[in-house]
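The following block contains the structure, expressed as C-alpha cells.
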C-alpha cells in the first residue's frame, strides 16, 4: 500500500527519536513529572504497586474485621466502636450491614484493585519494556492515564465506604436484583452507585493498560527478540492483557444495563419482584440470570487475569534460581494459550445451580475440566524444572515454590467444583471459599511476592532484607494452609458462605472452635504482612545497595540495564538479542545472557 | 497488494526490531480497542438477543418505526426513514475512506473536503436519530415505557424500548464522539499539524473508528429494524 | 487495658524480629554474600522438607479432627445424595493421589537439589515424550470423571419418576413460603402484582381484577400455603418448583446434597427422594435436635444468614394426618367462604367480610 | 520519482476499489430492505425465519466489506488479520450459549408459570391500546 513505505520508514524513525528524546530530557525532570504524572513505565509500575499495597492492607484489614465476627461471634469489642463508629459496630459487635459490606468490599478490592491492578498492572508495566528491550511502553501517555484512572477508581471506591447508607453489601459479584434495588438492601443505594462508578473507571484503566501492553509486546521488541525468545513472564502478561481487553468490555455492558435498571426504570434484570415494605415493582420481562452470564463472561477470564502473571513470573524465577532452563518452554506457552482460550468458554460453571439449561451445563462441564490439562502440564513442567537443578533459596524462589504448592492444592479442588453434579452440593459453601482463595487469592499473592522479592533490586537499586523475607514466607505459607485447608471440611458439611452468624443453624454450628482458630491465624498472618510492608519501605531507603548489575546471574534483558536505569532504560543502544531467555547450565556454563551471540560450537537443544 | 513496498518473503516479521504487522503501534492499539469495543456492543446485542429468546412475544418493528419527518400522524412507511439513516452512514464512511486516501497522498485540500463531508454525514445521522427519538418519545416510548404491543397482539414488556434506547443511544454516543474526533482532525489538518509530521496517520486511526461506528450500525440496523 | 498490652507485645515482637534480621544482614555483609547464601540455603532446604512432613501429618490430623463433623460421616439423606457421595469419594481418590505425589515431589526436589558446589545442573529444556505423557494421562482421568459427572448431572436435572409430589417453594427476604397444590393437584395461577404481604403472600389469582386483566382461577382456591416448615414423605420423590418473590435466593439442602437457586421471574426445579424421616435422622446423627434445614446459599441481603427453613420428612400416614389439618390459603383470606365458618357465627363472618373487603379496597 | 508514481498508481486503484465497495454495500442494503418489505407480508413462521437467516448472512457480508476494505484489513499482513479475526470467533460460543439459555428461560416460564403462559397468548384489546396512547402522550407532555 501506498503508505507502507512512509510508515515503515517512520516507525523506525519514531523508535530512535523516542529513545534520544528521553536522553535529552531526563535531567531536568520536575518532581511532578518524575514521581506523580510520570510517563516512565518503571515509575508507573511502582505507583501501581504501592497503590495496590495500600489496598491490600485495607482489604486484608477488612477480612480481619469480618473474621473477628466469625471467630468470636459472642465477644464484644467495645473499643472497635470508638474506632469505626456506630454504623459498623454496635454494642461491640460488627453489625450485619457492616459485615456484608466488609465481605463485599474485601472481595472487590482484592480481586480487582490488588490482584489485577496491583499484580498485573505493576509487573506488566515494569517488566514488559525491560524484558522485551524497549525504551518505554508504546504509549507512555496512555500508560500514565491508565494509572490515574485506577487512582480515580480507588478514590471513588474508598469514598463509597463512607456514605450514609453504607457501602455496597451485595457480594463482589453484585448479582441483581439485590444490587439493583435500594429498597432490598441499604447497601444498594448510593454505595452501589459509587461502586459501579469505581468499577467503570477501573475498566477504563485496565483497557488503557491492556492495549498498551499488547502493542508493546507485539511492536516494540528489540532486534532479535522473536516471540519464541520472550521470557515466559512476557507471554503470561501478554495473554493477561488479551484476556482483559476482550472480557472487561462485557462487564462494562453488564454494568451499564445495571445502571439503567437502578436509575431509569428499565427491567433488563428485573422481573416479578415484590419487595417487603415497598410492594410490587412494575418491572417485568427481564432475567436476573442474564447479568450473571455477562458478569461471569468477565469473571472467569478475570481469574486468569489474576493467575497468569503469577504463573509467568514463577516460571521465570524457578528457572533462574534452579539455574536450569524452564522445562518445556513451548508447552508452557501452549498451555498459557490454552488456558487463555478456555477462560472465555467456561464462564457458566459459576452458574450450575441457577437453573442453567442442563444440556448447556454439560458442555460447560466438559470445557471446564479441560482446563485441568494445561494446568497439569504447567505443574509437571515446574516440577521437572526443579529436578536436578541447583536451587538457590532466595525469598523470591521460596514464594515461587510456595506458589506451585498452593496452585496444586487449590487447582485440584477445581476438578471437584467444575463437575456440575458435585458443584450442586458444594456450590456457595466454604469449599468454594477454600478453593478460590488457595488457587487464585493466596497463590497469586505468592506470585506477586515472588515478583517483588525477585525484582526489587531492579526497582529500587537496593536489596530487601532476606531474613525478614524468610520469616514472611514461612509464616505466610503455613498460615495460608492453616486458614484455608480446614475450610474444605466446613464446605463438606454444607456450611454456606457469607453467613454472619451460624449459631441458629443446627447443621453448621459445630465449627465454632475451628472458626475461632482460623480467625486467630488470619490475624497473625495479616500481622506478618505488615512485617513485609515494613521491609519494603525500609529497604527503599536503607536496604543494602545493589552492587552488581546482574545480581542473580540472570539471562534476561532487564539485568543489562544500569543498576538504577533512567527513563529510556538503556543509556546507549538497546542490546540485540540472539537466544532464548533460558540458557542456564548449558554446555557447562552457568548462564548465557540473551545478548550473547550463539557460538559456533554451541550445542543445540 | 503492492509488492515493492511489502518486504520480501524472507523478512522475519516476528524477529523483533520492527512491527510484525508492519503497522505502527497507534494503529495496532486502535484495532485492538475496536475489538474490545466490539465486545461491548456484542454484549449489548447478545443481551438483547437473550432477552428476546426469553420473551414469548415481541413488538413488530414495522409497526413501531413507520414514520418519517413531516409525515404527520398517520404515516405508514416502515423501513424508509431508517434506510435513509443507513445510507447517510454508508456515504459518510465512503467520504472518510476518501479522506484517508487523500491523507496518504498528502493532499491536504482533499483531506479537508472529505473530512467536512464526513462530519456533515455524522451530524445528519445524529439529527435523524434525534428526530426518531423525539418521535418515539411523543408516542409514549422511553426507558421503562413501552406503548407498543407485541406483533401477535399480546401485552409486551418494556424491554423492547429499553434495549432500543440503550443500544441506539450507545451507538449514537459513539457517532457523536466520532464527529468530535473528526472535528479535531479537521482542525489539526487546517493547522498543518500533519503536514509538519509528514504523515496523516492520525486520520487513518480516526477513520478506523468511524468505520467501526458504521459497522456497528449494520448490526444494530439488522437487529432492531429488520428481524 | 489488655488492648494496650497486646499492642505493646506486638510492637515488641516486631522490634525483636527487626533487630535479628538487621543483625543477620550485617553478618551477611561480613561473611560475604556467597557464604551467607549457602548457610541460609541449608536452613531453608531443611525447612522445605520439614514443611512437607509436618504438612502431611497436618493433613491427616485435620482429617481426624473434622471428618466426623462433615456430611460424609453420615449417610446421605436422599437417594440422589448417594451418587454425590460416591462421586465425591472417586474424585477425592484421584485428586488426593495427585496431591500427595506432586507435593512430595515439589518439596523433595527443593530439598534434594538445593545449591551445592558439587552438583552440575542437568540441561534439560524439553522432552516430548514426557510432555505428551502428562498431557494424555490427566486427560484420560478427567474423561472418566466427566463421564461419571455428566451421567449424574443429567439424572439430577432430569424429570423425577411419575407420581412425584410437587411442592412450590418461594424465597423472600428472609424466609420461605411453601405451596401444595391441594386436592385438585394443580397449582393455581399466581401473579406477583396481586401479592399482599399479609393475606396473599404469593399473589394467587383468586379474584377478578380488571386493571390487571386477571380472571379468578378456581385452582387457587384449594392451594395450601405454609411458611418456614415443609412436610414431605419418606421414600416418595418430591419435585420442588422454586421461585423467588424479591431477590435471588437459593434452596440449599445439604443433607440431601442438592441445591437450586430461587430466581425472581424464572422458575427452577429440583427433585429428590428422601431416605430417612427426621426422627430417624435424629438417631442416625445422634443429635436429638437434628433438623433438615433449608439454608439460603445465595447472598440475599443483610438477613441472609438467618433465612432458615425446615423440612419435616415424615411417613405417609403422618403426612396424611398433617395434610388433613391444613386449610386452603383461600379460606384464610376469605373466611366468609369457609363452610365451617358460615355455620357458626354470622356476626363474626360479617366482621371478617368487612376486613377482607377493606383490604381489597386498599388495593 | 518512482516512488510517487507508484503511490498515484495505487491511489487510482484505491479509488476504484472504494467505489466498487460502496456499490456492493448499497446493493446489499437494498436487498436487505427488499427482504424486509417482503417479510412484512409473510405470515408463515418458517419462511420468516429463513428470510431472517438470509438477512443475517447479508449483514455479515456487509460487515466483511466494511472491515475488509473500508477499514483496510484485507490489505494488512495475514498475521494481523488472524489476530483480529480469530478472537472474534469467541462470539460464536458467546452468542450460542447466551441465546440457548435465554430460550431455556422462556421454556421454564412457560412450563411452570401458568399465568405467564396464559398471558403469552392473551391478546390485548386494540381499543385499549388506542385509549392508552393519547393518555400517555398527555402524561409525557
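So that you can tell them apart, the chains are marked A, B, C and D in the order they are listed, and the count of residues begins at 1 in each.
Everything below uses one rule, namely that contacts are C-beta pairs under 8 Å (C-beta built on N, C-alpha and C of every residue); 3 or more make two chains touch, one makes a residue touch a chain.
Just so it is clear, the structure is predicted and the values come from calculations on it, not from any experiment.
Asker: From the centre of chain C, which other chain's Cα mean sits the farthest off?
Answerer: Measuring from the centre of chain C, the most distant chain centre belongs to B.
Asker: Where the centres are mean C-alpha positions, what is the separation of chain A from chain D, in Å?
Answerer: 37
Asker: Suppose each chain is reduced to the average of its Cα coordinates; what separation in Å results between chain C and chain D?
Answerer: Using C-alpha averages as centres, the distance is 42 Å.
Asker: Could you tell me the distance, in whole angstrom, between the mean C-alpha positions of chain A and chain C?
Answerer: 28
Asker: Enumerate the residues of chain B that touch no fewer than two other chains.
Answerer: 1-2, 5, 14, 20-23, 28, 35, 42, 47, 50-51, 54-55, 104-105, 145, 155, in rising order.
Asker: Give the residues of chain D that touch two or more other chains, as numbers and ranges in rising order.
Answerer: Within chain D, residues 6-7, 10-11, 14, 75, 87, 94, 98, 101-102, 105, 108-109, 122 contact more than one other chain.
Asker: Which positions in chain C touch two or more other chains at once?
Answerer: Chain C, residues with two or more chain partners: 213, 243, 265-269.
Asker: Using the contact rule from the top, write out all pairs of chains that touch.
Answerer: Contact pairs between chains: A-B, A-C, A-D, B-D, C-D.
Asker: Could you list, by residue number, the parts of chain A that touch chain B in their complex?
Answerer: That would be residues 1-8, 10-12, 14, 132-133, 138-139, 142, 207, 210-212, 214-216, 218-227, 229, 245-250, 252-254, 256-257, 260, 264-268, 282-287, 290, 293-294, 297, 576-577 of chain A.
Asker: Given the complex with chain D, which residues does chain A contribute to the contact?
Answerer: Residues 1-2, 5, 242, 246, 287, 289-290, 293, 297, 344-345, 348, 355-357, 359-360, 363-364 of chain A touch chain D in their complex.
Asker: What residues on chain C touch chain A, complex-wise?
Answerer: Where chain C meets chain A, its residues are 3, 10, 14, 17-18, 20-22, 24-25, 28-29, 37, 40-41, 44-45, 47-48, 51, 55, 58-59, 62-63, 66-67, 69-72, 81, 83-84, 87-88, 91, 94-95, 98-99, 102-103, 105-107, 109-110, 113-116, 119-127, 130-131, 134-135, 138-139, 142, 145-146, 148-150, 152-154, 156-158, 172-173, 192-195, 197, 203, 243, 245-248, 250, 252, 254-255, 257-261, 263-269, 287, 289-291, 293, 295-306, 308.
Asker: Write out the stretch or stretches of chain B touching chain A in their complex.
Answerer: Per the touch definition, chain B meets chain A at residues 1-2, 5-7, 12, 14-26, 28-29, 32-33, 35-37, 39-44, 47, 50-51, 54-55, 104-105, 143-145, 157-159, 162-163, 166, 170, 198-199, 201, 204.
Asker: In their complex, what parts of chain D are in touch with chain B?
Answerer: Result: residues 6-8, 10-11, 14-15, 18, 22, 25-26, 29, 32-33, 35-37, 39-40, 52, 55-56, 59, 62-63, 66-67, 70-71, 75-77, 79-80, 83-84, 87-88, 91, 94-95, 98-99, 101-103, 105-106, 109-110, 116, 119-124, 126, 129, 132-133, 136-137, 139-141 of chain D touch chain B.
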